[in-house]
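Each remark here refers to the structure printed beneath this line.
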Amino acid sequence: MRRAWIVVWKDVLSERRSKESLNALVFFSILLLFVFQFALGPERARVEAALPGLLWLGFILAGLLAFGRTFLVERENDCWEGLVLSPGDKSAIYLGKLAGNVLLMAVVEAVLLVLFAVFFGLDFTGVLPALCLVLALGTLGLAAVGTLFGAITAQLRARELLFPVLLLPAVVPILLGAVSATQSVILGQPLAEAAAWLKLLAAADLVYLVVGVLTFEFVLEG
Amino acid sequence: MTATGLEAVRGATAPPPASDLMIQAVHLRKIFGPTSVLDDVSLELGAGHGVTLLGANGTGKTTLLRILATLVRPSGGSLRIAGVDAVKAPDTARGVIDLVGHGSWVYEDLTALENLRFWTTMGGHDAAPARLRTALESVELDTVADRRARTFSAGMKRRLALARVLLGRARLLLLDEPFTGLDRAGRKWLSEYLMSFKARGGAFVLATHSFDAGIGVADRVAILAGGRIALERPAAGLGLDDLRRLYDDLAMGAEAGS
Amino acid sequence: MAVRTLGWLAVLALVAGVATAFGYAPREVVQGNVQRIMYLHVPAVLTAYLAFGLVFLGSVGYLLTRRPGWDRLALAAAEPGVIFTGITIASGSIWGKPTWGTWWTWDARLTSTAVLFLVYVGYLLLRGMIDEPDRRARAAAVVGILGTANIPIVHFSVKWWRALHQPATILGPEPSPIAAPIALTLVVNWLAFTLLLLYLVAKRTEIARLEDLHAG
């Protein structure tokens, strides 16, 4: 859809010019690394054992920040009503914003992976394709719910509080599935082992996307 | 402001629409919690006509305009825009409406041209660069076409919003204080644009609290006070002083009554 | 009035439920009397599911028709739903303490129910934060719809997650065929809870309607 694409184009352009979100998120990822290390203590083994969980913890925390800001640029520039008044299918806006969020998270996740590899001396090269698949499925689900709830909380006074409260319980399945699948992949197991989890993630992604596409127009009114 | 620019932008125009009623608002009410902002507002506007809505700040002008724009649902009453029930099918109605409100829908990190490209595409219109640039010429923003909107003054942002309207195919224009921030040449341009908009069969509602601008272009003047349209008169022959007197009487009457 | 009859029926059924749970159902050999809490725990979770089904119904109903009655249904069902979920968790925890030795383990059903609890508490918090009725109803409806659609997904993900780490602990009715007295007691209590839920929903809907009338 042309309109979904123009929304992505606009957000990527805005982000590239201002670099607000990306810089802060990347820096946040670096900070997380230190926080995780300090919280777990100096033994390498502990971090390695907790790695899948730490990765996804990092992704979710970054996601909370990123998705909460999905419509910030519309709010700040007073453009929300412009989106509401644009004719046609509103789900194009949802998909465009979703795509933008996925792109943003992809960059953050890549940075976090590299940081983890460097700081904890880990080697992901052997399992990279499988890992990317898990990341993609998990991120899609997170972003699908995050974009929808981001729109809901965009106009609220207490959005910083309410957004995590709504998002975290809703994405529990993604967290469980992604961590388990990541664990399996990192241990070098063949993809078939994680197949059940991947199917769960895919099913969850589908459900969240469908709900998002169908209900977004009701969120965007007024 | 170039008149020829207007012609060029219009390009292929639709044939003049039938003279149906653009707005049929009947007994509109709007309540926010315990406060009743609009009590009983009825308004009719035919194609090719314009009405200026006068009222002090806080009288509900903006709320009424937003209801007409289908941004806000009325608490009661009915609204038809170009024959379409705007409460039941707001999306259909939105196809013919354009709003120039308080916010000018300008993304600060984008250039003027990019902003136009975004909104024109979102509106489903042709966003060819040549078309966009011509529109910018018409509002005299062509020199800053590739400058980021962050640097624009309020007046420039308002003009950008008008360029956006030029590129659309709206038949009903809703304007909230559109003359603010425009210099004399800008006001003249806007007045001329609104006249030609009417001539092409469009209709507009112009909300303002200032008496000088906006009276000349309208066919009717309506004064909003006490949550209802207290007065509606043809604009022709209405002197500025008469208007001011009427308005003050009504405003005081509304205060005494409430 | 139909609602009042419903209320009395619910009270009768609850009395019958307690009577059968303590008088009629047999004392379990291994776990002892604490196993009787199952007659609270299982009906509570079933009723909670029913409540959230009603939330879904109300949410979809509002989005399709914009009639406030549907939104009131969603609200009226969500509040008892959260309470019944809380009862499920508390009773599950109490039941498990003698068996597990701790108040909490990440047992599959208990965890799923806890996640459900969090989702709908969030739902109620969201409702509390929006004053404008239409905006509130729409936002709540979307969250409610996603919450309900998520129930099976949460259930499976938690179940598989538990299966990875520990065999499932037994926190449910005896393996089939279930003995007749146990089944009967379960059914009576389940019926009682359902009646209670329906009564609460009906009452809460009425209160909500009066609140809206008063505010508008």
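Residue numbering begins at 1 within each chain, and the chains themselves are lettered A, B and C in the order written.
What we mean here is this: contacts are C-beta pairs under 8 Å (C-beta built on N, C-alpha and C of every residue); 3 or more make two chains touch, one makes a residue touch a chain.
Keep in mind that this is a model prediction, so the values were computed, not measured.
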Margin query: So, comparing each chain's Cα centre against the centre of all protein Cα atoms, which one is closest?
Written below: A
Notebook entry, point to check: Count the touching C-beta pairs: is B-C or A-B ahead?
Noted result: A-B
Next item on the list: Taking each chain's centre as the mean of its C-alpha atoms, give the chain farthest from subunit C.
Entry: B
Notebook entry, point to check: subunit A to subunit C: how many Å between their CA centres?
Noted result: 31
Checklist line | Length of the line joining the C-alpha centres of subunit B and subunit C, rounded to whole Å | finding: 51
Checklist line | Centre-to-centre distance between subunit B and subunit A (centres being mean Cα positions), rounded to whole Å | finding: 40
Note to self: Can you list every residue of subunit B that touches 2 or more other chains, as numbers and ranges?
What the structure shows: 73
Next item on the list: Could you list the positions in subunit C whose residues touch two or more of the other chains?
Entry: 134
Notebook entry, point to check: Among the residues of subunit A, which ones contact at least 2 other chains?
Noted result: 221-222
Margin query: Using the touch definition from the top, list the residues of subunit A that touch subunit C in their complex.
Written below: 145, 148-149, 152, 155-158, 162, 165-166, 168-170, 172-173, 176-177, 180, 196-197, 200, 203-204, 207-208, 211, 215, 218-219, 221-222
Item checked: subunit B residues within the subunit A interface of the complex -> 69-73, 90-91, 94-95, 97, 99, 101-110, 114, 117-119, 121-124, 148
Check: If you look only at subunit A, which of its residues touch subunit B in the complex?
Finding: 2-3, 6-7, 9-10, 13-14, 17-18, 73, 76-79, 81-88, 221-222
Checklist line | subunit C residues touching subunit B - in the complex, by the definition given at the top | finding: 131-132, 134, 215-216
Next item on the list: Note which residues of subunit C are touching subunit A in the complex, please.
Entry: 63, 115, 118-119, 122, 125-126, 129-130, 134-135, 138-139, 141-143, 145-147, 149-150, 153-154, 156-158, 160-161, 164
